[in-house]
Amino acid sequence: MKETVMIQTHSRVEMIDITAKIQEVIDRSGVRDGICVVFVPHTTAAVTINENADPDVRNDIMAHLGEMIPPRRSFLHVEGNSDSHIKVSLTGSSGTVMVDEGRLDLGTWQSIFFCEFDGPRNRRCTVKVIGEKDVPHS
Amino acid sequence: MKETVMIQTHSRVEMIDITAKIQEVIDRSGVRDGICVVFVPHTTAAVTINENADPDVRNDIMAHLGEMIPPRRSFLHVEGNSDSHIKVSLTGSSGTVMVDEGRLDLGTWQSIFFCEFDGPRNRRCTVKVIGEKDVPHS
Amino acid sequence: MKETVMIQTHSRVEMIDITAKIQEVIDRSGVRDGICVVFVPHTTAAVTINENADPDVRNDIMAHLGEMIPPRRSFLHVEGNSDSHIKVSLTGSSGTVMVDEGRLDLGTWQSIFFCEFDGPRNRRCTVKVIGEKDVPHS
């Protein structure tokens, strides 16, 4: 019932639409009615739901977060990626979406995005679908 | 088991207490012990849990978010509401609260708020209650 | 199935690793496969998942949040802790983690942290574990 989805990121900060991959996990689960939890097991990457139509929305989100939370010389953490960790705690490590008739119950303009804050890296997220399956007719 | 709650907002930014409406969904579900997920299917509105006693808490939250994330000429998204999208990814599109003896298990001062970041609009949220119902005595 | 975990905080802002306490609740629940929801019933404290290895990550997170959201004379809420309330709506009142073979399914460097934003205080969080228990062999 739990699956791992692999994600390859390509720059330091990036939002990648993973909606189709999550839907495939739901399809394989057979759940028709329930909830789907997406969890990011990294501390410099997160998950969010936002607009999928205009890529400039993602560009504006990442650019503004970068101005609000820049890499700073005064940060104590020696790896130099405290900005990435801070962005994770504001964006969140998990997301919950309902499943209705076997489909992610997202709004018209919504997609689920994997948020890379310290890439490029090989990343993953875990997906769990909880709910009721169709009972086959006998 | 899933219900849609309609919300009419009245200004560009606004926090509306939807706790009573969510409790009504739980009442109708019959679930006594479980969790309740609230999901906002919009990309310029969100959900949060915060203080309900003093309305100035909401005023301060919305005013400070507006200063941290103002509408900016430099944003690329031509609709001019990138600030609203950014606020959504920081606040979150879903909230999970426990249900205990048929009641939302909130703290004394907590309410569930629908966060309008680009109103006024006709909005909605979806509510799902998962858990065990009372078994009637025979 | 729901348990309350008590937490004593020691300063105004502080991140306390509560992973071991949450794992104990899962152990007592007997759930092997499912999800665990952690909920903070306060309006000036929150929950987040982040790095546990270097304490300077927590120090940088709390210091930067304090600069982004300082206590301000212009805030209307007379208790003087609007900064704490704002931090809660950005960090979040709940967290969801999967349970796999009876263990919290966290990444290598992840812990669950209780975020105190207006301490020191006696605090608590509620924990609910949903899922399937082991069926004992007959």
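Per-chain numbering from 1; labels A, B and C assigned in written order.
Assume a residue touches a chain if its C-beta (ideal position, glycine included) is under 8 Å from a C-beta of that chain, and two chains touch if they have at least 3 such contacts.
Just so we're clear, the structure is a prediction, and the values are computed from it rather than from any experiment.
To overlay chain A on chain C by their CA atoms, one rotates by 120 degrees, a value rounded to a multiple of 5.
Because chain B and chain C share one sequence, their contact can be compared position by position; here under half of the interface residue numbers appear on both sides.
Centres computed as Cα averages put chain B at a distance of 20 Å from chain C. Listed for chain A are residues 68, 90, 92, 96, 130, each touching two or more other chains. Residue ranges on chain C touching chain A, taken from their complex, read 33-35, 48-51, 54, 56-57, 59-61, 64-65, 68, 90-92, 95-98, 100, 105-110, 130-131. Within the complex formed with chain C, the chain A residues making contact are 1-2, 37, 39-43, 68-69, 72, 75-79, 82, 85-86, 88-90, 92-94, 96, 126, 128, 130.
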